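Multiple structures are listed underneath, in structure tokens.
The same chain A turns up in both complexes below, where it pairs with chain B and then with chain C.
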Partner chain A sequence: MMARPHLSLGDATVFVLVALILAAAVFGNLLAPEATFSSDIGNAFLPPDAQHWLGTDSQGRDVLWRVIAGAAPSLLSSMLVVTIYSLIGVVVATLATVVPRWLDEGLMRGTEIGLALPGVIVAMGFASAMGPSLASAVIAMSITGWPITARLLRSITRQTMVAPYVQGAQVMGVSRFRLMTRHVLPNSLDVLIIKWSGDVSITILVLGGLSFVGVGAQPPSAEWGAMISDARSYVSTAWWTAAAPGAAIALTAVSFSLLGDILQRRLGGAGASGGARS
Partner chain B sequence: MTGLAVTDLCKSYPAAGGGRREVLKGVSLRIDKGECVGLIGESGSGKSTLIRCALGLEKPDSGRVDYEGSFVHEATGPDLLLFRREVQIVFQDPFASLNPRMTVEELVGEGLLVHRIEPSRARRRACVAELLGRVGLEADAMHRYPRAFSGGQRQRIAIARALAVSPRILVCDEPVSALDVSVQAQVINLLADMRSALGLGILFVAHDIGVVRYLCDSVLVLAEGRVVEEGPTETVFGDPQHDYTRALMAAAPVPDPAEAKARRALRRQQREAARGSEP
Partner chain C sequence: MFDSPAADPALPNRFAPVRAAAPLVRFFARRIGLSVLTLLGLVTLAFAMTKFIPGDEAQVAAGPDAGPDQVEAMRARLGLDAPAIVQYLRFIWRLLHGDLGTSIVTYQPVLRDLERVLPSTLELVAITMVLNLVIAIPVATIAAAQGGRGLDALTRIAAAIAAGLPVFWVALMLQFLLGTLARVLPISGQRGFGVTVPNWTGMRTLDALLSGNPSAFLDASLYLVLPAATLALHFSSQLFRALRASLELAAASDFIAPVKAKGASTARILWRHALPNALPPVITLAGTQIADMLGAAVLVEAVFARQGVGAYLANAVAQKDTFAVIGTVLFVGAMVCVVNLLVDAILLATDPRLRAAELARGGRQ
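Now for the complex of A and B:
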């Protein structure tokens, strides 16, 4: 195996944070006490104390548990969005690589149109057509995010296609399918792993923002943007109800962004150039 | 015996300042099975472009390439498959010519798989082991990735990969110029052995006169996209007509000290002539 740089304290911290957030997203809903999802008006707006570390909200629900339970709709939906549009981007870039040049150019013109169409606008359109929900926001973001990925990957496959090992495989007569799946894509996709993490970071902010303005997840949901939206009216009296989900969004966005940087440092260069010298 | 024939090939690329730059201006050559043809020419004279066109990787502007009587650039179905099996290539840089994500077994066995020569995995593995032995590598090399090998070893892997499909013609684009001098001779000898053992036709691109003399029956000199000299190796090198051929011969190391001295004098003369001709 290739020698990897040593794990620094900073990198380790990021890995631990990402692991904790992922654990919250996967197990948070199972572990949270039932009271997290039902109201208990008598205990509303309790400030942080030993029993409710981050206080309670307008319905008397524990804010810390809601933030933990909110990791699933906030983070998993962002990961789903980025995964779907990355896959669409891979398919489009792969097609553009194997079809005749005029069709390749047509596809890339198409992505330019796609680029001009912001996901947020489409999400608002979807919300007014289908009714606002997390699902409509996820669909809107998924089908608008791919053009950048497609163009990035197409520019990389263009370089990979002229690598001697790809030309050698063509001389050997491998099928287009095999050429792409065994030679071109494995040596072109590294950059997407790096981009994926950075994109999750941005998508968390966008999806949170959409919920905040009422276009994404709706109030009883513990989605972080929806929690902030819910807490809007009480910020002056119960600051913790907005600060906790706000901090969760910020921490998650920063963690995934830093994870992207770390992956860039560790993987970058090795596969992107194809000829990985050791 | 028709082999690979290139006729009147022209190829241009878009130039930096607009317009087009003609890289090949009507090149013809042919290689019959069992014959070794050397191709020499300065850097930028179009050797690699000629090879890419001859192998059907790029479409020429005009001219044609035939293999066994069919046009390579129009071939489909069985004709194309035959061409893709019988004509193989070994590139210059063994660090870039082996897919870093495939094991040696996959690399060497790929041709056996895609041409359905050995569809069974176990039989393919035995075949790969035998091929590795033939190029002087241990059979257990097959489980490793190219990055575990030196330049010379990688070039052997590249040769084994090309030979796996029993080609009739092997195109070598400066196969040793990226290697240490000590390793060059081993790879050249391997190619010479394969040639006599398998009756392989070889198109050998090189900068090194000594290698071309040793390996090739005939030689072509390419300059600025044209063949400026061609013929049997000893005829061309015995009485070089073109400046590039002369310069190349003057630059080649000579074992005989007296002759080396004469060559040095010739080189000095040429340098002075060159300096004198500048305004």
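Now for the complex of A and C:
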């Protein structure tokens, strides 16, 4: 962990990809022409050509522009999901660290129960019960996603609490709450950031899956899973309508997963690799 | 410790087998206790789901075509005017009697529907798990032998990409490329026209084998290739990455140096010494993968129109058959609990280090 490694070509590529995808997510909707969202049946299912680089879909909408416009609902919602459940994880881990031992045990038992359940299926149940929509999927995934983060953070705070500098602060009479927020939690920030990036990669796959089976974003939306769901019936005649949004999901998922690997190398965070569950 | 008769070597130790087994019994008692708690958590979540339903719960449970009488009958059956805690207890009571609700699409008890579709999913998950292990373990070990060059670098990149591919999209693309364009594999369903086998286990490949019908076996297998390959691509890339990392750790550990000094070949070091030590965490991962496989099977079964639990769930979602959805979630969750318990038992039986740790832990308490 001496000097930070130089920016390699591979790392630079990943940074550029992530930046481009983020730009599409933030500005895509503003840049996309009106026709991206309105149907023009006369031009349906045009194969890729010079005018429509990725062809047109069942409603005659340009697939490339829809994929770009879809970055916002796909990526930003995934980021929102991971951010919400990471915060829940932080709260649970913090509580577990400061409360009496029996309550810590209880919280961690609850976390273990959450880990033992099939998260995707439970999220599907919640989203379906609330009525299928992108918001339902986001809520459902947020309330089922936190256990891994909570357990990871708790294991780190357990180690940090016995570190000399924390014990020193304790001797000086720093309150447990202040100890936690000012001394212990900042120490796990690196791990949290690395995990956040890797989790966005997994979440975007799950969100796409939920939309694909119909409990997430609904048809007119350009969310990538919903686009694939819409294109499903036409794959044999217009493969590009399904291929393009799927490639977008894959590119985004791989980019964020690699970003997580790079951050892990650069920040030197240890033990953040426990989150490889989709 | 010193007053224990077993500590006295002069006395015959009649209780030794019982003593040796006690920590294991305690381990499983604790483990089963945790499973029961998990089931209770699952049931509570499922109950919470029914409370998340916007609008009239009784109307949703009775179905959109139900008349006012039927809706009122459903309201009485679900006891919706009782306090929430009473409703919760009644919910558990009904589950204990095997009542997972009634489907508003098939008009059948959800449990009976699930019993019908379960074998197909078990068949798919079992084949996927076999492929998963058969691909990931040798590829990771062979890649490790190359130590960062050639095949190792290549498989690392391939696995990183494969892990990022959405399974439902891979399913659609494989269906299109190999089924529709190349016409080498059937694109949907689970049996060819006119092919019949007796329905003994419900798993068509197994039924075909048991009834001695090779052509039906081939037929059923062909229908499994695409769904199983789709799932295996995703899960074996995960497993590969975990095992590759685990092998790196094992190969760098102290016990490898003397083996190397004795002149063992790289292949022997990897297969005989590093691999057995690198496997346990990977088996744990494979166990947790089963839960994820059931989740992914929902998507894959829907694409390939297999009559499994996943397709049933996807269908129930599409038909807004909410109580069938919740019943299926409960069912799959319970299955995952049982699988987790089995994986722990397998790990305990195969890894002496873990067994020793558990024995020590049991002795301490």
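Criterion: the second predicted complex is superposed on the first by the 263 of 278 C-alpha atoms of A that agree within 3 Å, B and C clash if a C-alpha of one lies under 4 Å from a C-alpha of the other, contacts with A are read in each partner's own complex, and residues count from 1 in each chain.
Just so we're on the same page, a residue touches a chain if its C-beta (ideal position, glycine included) is under 8 Å from a C-beta of that chain, and two chains touch if they have at least 3 such contacts.
All of these numbers come straight from a predicted model, not from anything done at the bench.
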Thinking of the overlay built on chain A, is A:28 touched by chain B (first), by chain C (second), by both, or by neither?
neither
Output check: A:55 vs chain B and chain C. Expected answer is one of first, second, both, neither. What do you get?
neither
Report the partner of chain A that touches more of its residues: chain B or chain C.
C
Per the contact definition in the header, classify A:250: touching chain B only (first), chain C only (second), both, or neither.
second
Applying the touch criterion given at the start, work out whether A:216 contacts chain B, chain C, both or neither, answering first, second, both or neither.
neither
Should A:235 be classified as contacting the first partner (chain B), the second (chain C), both, or neither?
second
Should A:168 be classified as contacting the first partner (chain B), the second (chain C), both, or neither?
first
Does chain B (first) or chain C (second) touch A:186, or do both, or does neither?
first
Across the two complexes, what residues of chain A are contacted by chain B and by chain C?
276-278
Which chain A residues qualify as touching chain B in the complex?
2, 163-175, 178, 182-183, 186-187, 271, 274-278
Mind pulling up the chain C residues that touch chain A in the complex?
34-35, 37-38, 41-42, 45-46, 49-50, 52-54, 160-161, 163-169, 172-173, 175-176, 180, 238, 241-242, 245, 285, 288, 291-292, 294-296, 298-299, 302-303, 313-314, 316-318, 320, 322, 325-326, 328-329, 332-333, 336-337, 340
Looking at the complex, which residues from chain B come into contact with chain A?
52, 55-57, 80-81, 83-85, 87-89, 91, 93, 95-102, 110-111, 114-115, 147-148, 158, 161, 165
Show me the residue ranges of chain A that touch chain C in the complex, using the header's touch definition.
109-110, 112-114, 116-122, 124-126, 128-132, 201, 205, 208-209, 212-215, 225, 228, 232, 235-236, 239, 242-243, 245-246, 249-251, 253-254, 257-258, 273, 276-278
